[in-house]
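Several structures are given next for inspection.
Each of the next two complexes has subunit A plus one more chain, namely subunit B in the first and subunit C in the second.
Here is the complex of A and B:
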């Protein structure tokens, strides 16, 4: 959950004014990587015909292992296991595991985003555009341009809190320069000595009444998680 | 006395939720179909179908599910149990007992590695066991006992026992009587279930498979012995990515003690497929899938190759469009479906499917089906 779970992490630190865009993005990535975590939450997709809600439980360990299980909604029973190479999906009706090497989307949030894409500098070129103020917070405005076609968005503008490196807003652009989506962090909570974005809203800028809201009910960081959780056997269970 | 009963009832009521955490899900579909074969008049039919599924919850290491399927058409109703299983696991292995879906091998439409179900045809499925209007193209369940031993994150071994569950019948003499008489007048040959054969240990099937990952490729190899047909069925499957996702499977059915290649070459099957997903701008996606099934030595020359092309466009998260079909390029038989699925409210969708079947020796078969589904 690049935008939902991970990038929205806050680590108190002293601001270094001379940081480059790469340094800031690296800081965002570092701050959003934990030894492990377990979270429960829900995704509310709003479209022309009302809202569709799916609740989930997510686990992650290190940078490359994550597992999401949907526990309600149309995706109930569906599990997504992501490794550094592949994305595995288990559909409950089929008792079958499918491997995907590309993305599949749930509303405005792609599975890759939900399961953590934390090597931003590998996939994007960065540029510091300046500093602004959002809701009284001083933020860095950073432009990300995709180096590869494998990422979901060609261009992004990140608004990173200059004190805690929480991403407060993201603007997503198409290759033609059209603004397609906006993500806003609506709630940040302190968990232990870290700050986590626990509520965010992604709005589709091309369609009316179309948004995806992500809410975390609970999150535990740096807890012991068995490696077996991140296996095909657990996915099939 | 009344107090005692009330107290027992209250205690029991408190205790029940601890042991009966159940998730209930259900789906109802209404289908209307208009059909025209050749120059005949258009006919119309409708039916309702659905399922009710009870899933246990609350325990991490024990799961169970009971799923009842029903189909209702005119005054005919069919109720069946599609899933009834219990799973449990210990630190070193896990076990599934009951009736469940099981998938061996790789492939959405064609899967030569599916040695368990190659004797079956899915309900509603056409040639090669594929239902072109279904979310899951091949879907069949079996009664089984399964033991899985994980050896690593991507490696596991599996042993399986498959009791005979074909609808097995025999012709048997059944007595008939005159009214008010216990003495049979004679015997007539009637079709009855063949329980004796079905329960015979030598008629059962069993086998195993080994799944692992090496060099980014999922490797799967296994074997089933079908006790009823006395066939040995080995298979091997590969699944990987080389620019596109691909899979390749092959299997054969070898009759007991007839191991020479000439005896089983006709059963040799090879399936292969590629899949690619294009992420288009503005959250749209386009997927392409092409699969082929080849039976290089089958007796019928015109049944040696089948193709399954599929193109699917998802313009947004509410609508999905697809065109898919089974094509026999040797005699130009085509069974194709153009479909649209529109998800509106939570759990509610409207599907529209236009099906075209063309066979050289038969008349053109056209049908249009509208299906409304509510999952809750």
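Here is the complex of A and C:
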């Protein structure tokens, strides 16, 4: 009788856990996917060269396309364009567009991470590891294992706010299991019906004093954006 | 009869044995003359590379510049003012301001495949004299515009580029941001420094510092025309000049203290000296062996001449003179043959660049062996001395031969 009770209790629990990891990640992606998006912000990069700040404008449309344009600082004039499969960069003094490795970094953060991941389930297998508390918030701890070598990290551990599905913390691991980076969301704002992390800090765990803080000043959601913005032709100009 | 004549006559008596000793000494002397000339050539080659391409005789740079991480933020700021200051205080010296930066060229078909290279921004007007650029040009022309480059022919070959093509190296700005600049190749050049030929493209200092967010800055100022004797004095004067003008972040460094060329040269010299000692030892052992054999074979003769009144000292001198004659003839032949071989090689050169396996060691390895009168004479005298010195031991043995015992065996 006890055995049957255990099985009756255990099976639904495991089903809920195995299904909900995908569901949670899907909700995270939904929360960070907009019909369109425009944000202004800055990155503060700290490394061996000291601290430097660059301001940017970011655009996104749907799941696949995003564009970041730097308007000041050392990166001034750079444009980074991400499609579902590729990452491109246009430097101000370059005539041609460079296809970037997704691992290419700006300080501690890769350009791939900067432009955001909105189709996580396409590239990662998920597993719910349990629940924890971060700064008084109840979070889901989810493991992501890469399905493809195209992505920057083999393994991630996401700590997702169980209420608003904002990722509060990410631990990035190499294939050998070494912790390489940590991302912490330091500020969350509600814009319309979406919760968005507006201040985050990524720390490189392999290099001392190497971090990138990203701060968003203004965010506009679901505004009309010309499709031309998200094209290689436009990037070349 | 004089001892000298007896010695010569004795050498002729067993010409094959004498020939063996002479040959051993000649081969050792020849090898050492050749090696020393080769070292001289290698040293000149390394100096040429260091003075013209990497450091100058004196390198002026930021004291905190780190060669390994290429810390562009530790630069020579306001370099034009520094050049003016140096020119007014050291008017006879040649100066070359350079901005050197690492750059990667991505394969357009595979962004994970990267070719590493170096860019060097220079003042082409001064480099035409300093680096003798016109002599290095294989094809095309010296750049005139800000986005034009002169590329090392080896790098162009590796990248599959030719004159007229464009390429976009990716590099870092002063404070570590990545940036890419499209250049047009207007000329290809072959440099003595394989690093310059195989890894480097040269652009103009006019606009590049702006693109790298390094306005008014360079990484290095190379200084030439100092001379070995004055180098320490000039360095002290330059460092005092910087301190007195409030430029505390800059330092002047001798070419020997920066770069790998000098330490490699010292290592090579040490290795060649060891080889020289081994060669001398081998040649000396042949002479010593010959003299020992002579002493044992001529015991009866020694007994006879001592019975006839020759003193022990005269016997020692006789064998010493024989060894000396062998040494003089062998070392003379070796020195002459070495010189005859080196003189044409010093004009034609020895191209050993194919044997380095592409490793950069601060030398072109197209070496012009240089005969030094001083070292050649020293090698000759040293060879003679060693040959004569090793003969002393068997000679002293010969002098101790008891004439009664020796004559009894007749």
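To be clear about the criterion, the second predicted complex is superposed on the first by the 208 of 237 C-alpha atoms of A that agree within 3 Å, B and C clash if a C-alpha of one lies under 4 Å from a C-alpha of the other, contacts with A are read in each partner's own complex, and residues count from 1 in each chain.
The criterion applied here is as follows: a contact is a pair of C-beta atoms (placed from the backbone, for glycine too) under 8 Å apart; a residue touches a chain by one contact, two chains touch by 3 or more.
No experiment lies behind these values; they were computed from the predicted model shown.
Asker: Figure out whether A:175 sits in contact with subunit B (first) or subunit C (second), or with both, or with neither.
Answerer: First partner only, subunit B.
Asker: Looking at the overlay, what does A:207 touch: subunit B (first), subunit C (second), both, or neither?
Answerer: first
Asker: Contact-wise, after the overlay, does A:49 reach subunit B, subunit C, both or neither (first, second, both, neither)?
Answerer: A:49: touches subunit B and subunit C.
Asker: Between subunit B (first) and subunit C (second), which does A:29 come into contact with in this model arrangement: first, second, both, or neither?
Answerer: neither
Asker: I'd like to know which partner A:93 touches here: subunit B for first, subunit C for second, both or neither.
Answerer: Both partners.
Asker: Looking at the overlay, what does A:75 touch: subunit B (first), subunit C (second), both, or neither?
Answerer: Second partner only, subunit C.
Asker: Give one of first, second, both or neither to describe whether A:161 is in contact with subunit B, with subunit C, with both, or with none.
Answerer: It touches nothing on subunit B or subunit C.
Asker: Check the contacts made with subunit A and report whether subunit B or subunit C touches more of its residues.
Answerer: The partner making contact with more of subunit A's residues is B.
Asker: By the touch definition at the top of the document, which applies to A:232: first (subunit B), second (subunit C), both, or neither?
Answerer: first
Asker: Do subunit B and subunit C touch any of the same residues on subunit A, and if so, which?
Answerer: In subunit A, positions 45, 47-50, 52, 73-74, 91, 93-96, 99-101, 104, 106-107 sit in both the subunit B and subunit C interfaces.
Asker: In their complex, what parts of subunit A are in touch with subunit B?
Answerer: Checking each residue of subunit A against subunit B gives 45, 47-53, 73-74, 76-77, 85-86, 91, 93-96, 99-108, 149, 152, 154, 174-176, 180, 204, 206-207, 227-228, 230-233, 236-237.
Asker: How about subunit C: which of its residues touch subunit A in the complex?
Answerer: Those residues of subunit C that touch subunit A are 69, 71, 73, 106, 108, 111-112, 166, 168, 170, 173-182, 211, 213.
Asker: Can you list the subunit A residues touching subunit C in their complex?
Answerer: 45, 47-50, 52, 54, 73-75, 78, 89, 91-96, 98-101, 104, 106-107
Asker: Give the list of subunit B residues in touch with subunit A in this complex.
Answerer: So the residues of subunit B touching subunit A come out as 23, 25, 55, 63, 87, 89, 94, 100-103, 135-136, 139, 148, 150, 152-154, 156, 211, 216, 218, 239, 241, 245, 276-277, 279, 281-283, 285, 316-318, 343-347, 375.
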